[in-house]
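Here come two complexes built around chain A, the first alongside chain B, the second alongside chain C.
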Partner chain A sequence: MTSLLANFRRWQFWLTLIGLIALVIYPNVASSYLISLLTEVFVFAIFAMSLDLLLGYSGLSSFGHAAFFGLGGYILGFVARNWTANMFITLPIVLIGSALGALIIGFFALRTSGLSFLMFTLAASQMFFGIAIKWTAVTGGSDGLSGIPRPTIGVGDTVYRFGTGFQFYFVALIFFLIAFWLMRQLVHSPFGRALIGIKSNEARMKALGYNTWRYKMMAFTLAGVFAGLSGYLFAYFNRHVSPETFYWTTSGQVMIMVIIGGAGSLTGPALGAVLVRLLPSYVSSYTERWHAIMGLVFILFVLFAPQGIIGLLKKVGRVSNSPNEP
Partner chain B sequence: MPLDILVIQLLNGLVFSLLLFLMAAGLSLILGLMDVVNLAHGGFYLFGGYIGLTMIRWFGSFWLALLIAPLVAGALGLLLQVWFLRRLQSRHLDQVLFTFGLALIAADMLRWYWGAYVESVPPPPELDGSVLIMGRQFPVYRLSLIFFGAIVGVALMVLLDYTRIGAIVRAGVSDSELVSGLGINIDWVFVGVFVLGTALAALAGVAAGPITNLYPGLDFEILILALVVVVIGGLGTLRGALLGSILVGMTETLGKAFIPEFSLFVIFALMALVLLVRPRGLLGQKEA
Partner chain C sequence: MTQLKADHLHKDFGGLTALVDVTLEVKSGERRAIIGPNGAGKTTFFKLLAGEHIPTSGRVYFDGQDITHLPVHARANLGLSHTFQRNNLFFDLTVFENVRLAVQHHRRLAWQMFKSAGSYQAINEETEKILSQLGLSDHRQQLARHLAYGQQRSLEVALALATEPRALLLDEPTAGMSPAETAEMAKFIESLPRSLTMLIVEHDMDVVFSLADRITALHYGQVIAEGSPEEVRSNPMVQEIYLGTQSAVKRHL
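Now for the complex of A and B:
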């Protein structure tokens, strides 16, 4: 008997195709509330996968990934309110802005490793939060920036405006697919393999002649860019950006998505995003204490299933396979 | 700038530095010894403060609160260490993730029970009032906190530097395997340091209550500053924690007084600068 996973791979193409068609049909049959729910899932899936690049592939435990999520949102808010909401202009600005932010933070953060790295990134994101609260003239203080216009695309006078939630759903879907594909290519490339090598044994990679610092810096910057992209979409989606996007609970939430889903698999964190963003809309109608429940579920995974949902699935596949193994 | 304002702000800075030191000392020792960043440390601080507030409301005594809060927090720390953290002993990142989940639960539970509003804590009546310093009013309570912080700090240094237990802990920070190889039960050293650290955090929470008030979010505000202290001072060293506390406490207080928008940024710049010159922290010997 072939394992569940091998079967899955054979049917992967068809599954993907069916999934894509379902995602395109979905907004035509779902209510506007359900459409916005899934839009949010796409945005957070990008965010979670970007953290997975660090946590799961490079072994860099960043506890302040919200820094770049917030940065992307605030840059968009500032540009869109003061200049234009045209994505041809806002997208490059946000990508370059988050890359610069990640380069600067990474330059200092990567002087440390392990737990100091974790503490530094957490502190850095809280500094962004503090600045967002206090520097009212630019960031709008604790109110944030509201009234962000809907995104447009186009050149000159021919401009298309994504004016409804239905239309923005497709924007988010396309960005999600592109980001997923790009990150997948990345982790399967020689560059990604080298990152995995650095994660498991940095000294050996150094001895093999790899400039590990440069690899980690690249990974940190790319993760920052993808996180910035998700923050950018989130700000367009809400038409508002608030200091909470920088707050440790945002970093915490995305960390929970990665760990519950299963670090080092990209699909896992995306699944984690589905779970963490969809569940509260069902659970919180019963209980106010969603954060505590999320924290509890998270702790249970850390204690009993550190490989996450993907790890559990693999285990199931292996168990059903084991009687035939020599 | 007039001299009297500067002196008052320096005194305020000293008060805040010593409170930070109580927080950071535990964090740094736990980190140095067990290789765990206790991200729930801020939760213990706020929990201690709230327990203190409740004790004051129940029994009307600040001193009783100052005694009971660390005991309750310490007991909770003991249970957490023995039941959970010990199970994850060889998985350091999972231990940190565990404390992260704990911090999330703690933040929510504290908000649930004590509410989302700012609660003010009355200082003990014996220390209410103020004295004149260079022609300006300065609260007696803040002044006495400087002495209190100094006494606790000296006691900690004596405990760590001149007692057998202290020697074991210091040895454990540099090489815990070697210590257990000498026939010392390192597990109980871990438990002791963890309990001491959480009790100190709760003590700081009660003592700081009359100055900072208590509100949701304070837990992480103070945790972040304590983390910066540890990164700047170097982990596992009390002297590093003290030096870092004074640097951060002074920068925070003076920054808030003179450039409020960017006080956090200045602290961040300070941390970045230290990392550039000494990645292990000013007095740190050990790589995290």
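Now for the complex of A and C:
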């Protein structure tokens, strides 16, 4: 039993290492189109994992997660165009801005639960969409903000500029790895277990003395911060941010990533992001109907693999391991 | 010293009156049994004390503090813990995880966000201790939903005890248990520290009479008798209500 466990750990370690090496080699051999495709996947993986904190761990069905994705993008767009694109400055501003946004929305949204919570978060993000369209002076209206400069880092005169798609790939990769690591620590920590407890049985958590509202506020805020981070990267990546980032279809898409990937596992939603972002670019070269095909894939998952990609992988793993099991 | 006090509690559910003018004082360290036929209002009374319901009128005091409108979690943090008549567990989590959630909060570690929950030795040891006290050690990795009913009852008590309360409300801890399990549970409750104030709703009269210092009898939401086990046993109203309805009591009365 212990040797099995040790084997599994070793196996996991090598898989991770090989994966990392592959991700470093990839941009050196791939076309710039393929590099940008994977960069986008990293960005959306962060977004999907952040929603998983709510959907999969806290049992909070937010249908307005795009609010923070868009917020991160717009704050970056505004700061980078009017002041500086230095990440040492833009990053803290965006993180704090997204946290404040999430605190305010969460404060009201978390007075409700279930379907009302879903509707409230949806309404909040649609309100942001409305503001982005109407407040032209700051948001650029329906055109959004374009000409966002490439990110830089540095202090004083020593400034490094991530000027190419190749370089930005590594920015996105590093942020993805850090975000993944932080969220992984979070869900395994006592705080993360408390969120799982709230999802499982909130009334009992209260009976144990947990002020569940505060835990949910914190979860909502942290999820907002990571979603803001992904929107921030997306705006740097596109050098443009548009009102669609706030639109409900963005919330819907990230929700599909989480469900297809398998809620409550972090890795699952990251894989969901891979599938949902990569599939269209393959399918659409054959047919125009990728929306329909995406919908069909989603329905098939909901019907036949409700645990998502991660559930399927676990099932396959169990079957192939079964002779070893005690 | 009075630890828990119900002052003229009244509870209406729409048109239905579940509790009428219930006043009751429990001393620190006292073991009080609440008896009464089905629907008498025992669970409703507990829920008012625990904060699961808010009374229509009347007040609740804990250690002299008015807690009538305090939310459930705040009462739990004052040291007033309760179990549920219907198992109310983290059914999709393991037995260990169930108890750990209680322990990590009590140890004020539940806001830790970076280190893995499993790496806190103090939490692990405390959790193991409680599991072994309630005979659940061998089931620690089982999902709560997969436990036998009696074991789920034990876990219900384990969760309430893991918060190290000063007063404990037990709503039918042995309901649905086999006679052997009931005896086991009764022995365990008996073995709890005498400093722990305890209110217990229980239909098993063997358990009630061996455990309680004092007994309060409820009927249609009203207190119809209160006193030592002997006094309540010989109370004519109690005898009349129980006569023929509950053979277990009849045997004792």
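Just a few scattered comments:
Here, the second predicted complex is superposed on the first by the 306 of 326 C-alpha atoms of A that agree within 3 Å, B and C clash if a C-alpha of one lies under 4 Å from a C-alpha of the other, contacts with A are read in each partner's own complex, and residues count from 1 in each chain.
Just so we're on the same page, a residue touches a chain if its C-beta (ideal position, glycine included) is under 8 Å from a C-beta of that chain, and two chains touch if they have at least 3 such contacts.
As the structure is a computational prediction, the values presented were derived from the model and not from experiment.
Once the two complexes are overlaid through chain A, chain B and chain C fit side by side, free of any clash as defined at the top of the document. Across the overlaid pair of complexes, the angle with its corner at the CA centre of chain A and arms to chain B and chain C is 80°, in steps of 10. In the overlay built on the shared chain, the residue A:Phe63 is in contact with chain B alone; chain C does not reach it.
By the touch criterion defined above, A:Phe170 lies against neither chain B nor chain C after alignment on the C-alpha atoms of chain A.
Looking at the shared chain after the overlay, A:Pro306 reaches chain B, while chain C stays out of its contact range.
In the superposition on chain A, A:Tyr26 contacts neither chain B nor chain C.
Contacts of A:Lys206 after superposition on the shared chain: chain C is touched, whereas chain B is not.
Of the two partners chain B and chain C, more residues of chain A are touched by B. In the overlay built on the shared chain, the residue A:Gly192 is in contact with chain C alone; chain B does not reach it. When the two structures are aligned on their common chain, the gap between the nearest CA atoms of chain B and chain C comes to 13 Å.
According to the touch criterion, chain A has no shared surface contacted by chain B in one complex and chain C in the other.
Listing the residues of chain C that touch chain A in their complex gives 50, 52, 71-74, 76-77, 81-82, 84, 88-93, 97, 100-102, 104-106, 109-118, 120, 123, 159-160, 162-163.
Within the complex formed with chain B, the residues of chain A that make contact are 61, 63, 108, 111-120, 122-124, 126-127, 130-131, 134-136, 248-249, 252, 255-256, 259, 288-289, 291-292, 294-296, 298-299, 302-303, 306. By the touch criterion given at the top, residues 31, 35-37, 39, 84, 87-88, 91-94, 96-98, 100-105, 107-109, 112, 220, 224, 227-228, 230-231, 235, 260-265, 267-268, 271-272, 275-276, 279, 281, 287-288 of chain B touch chain A in their complex. Partner chain C is touched in their complex by these residues of chain A: 185-186, 188-194, 196-197, 200-201, 203-212.
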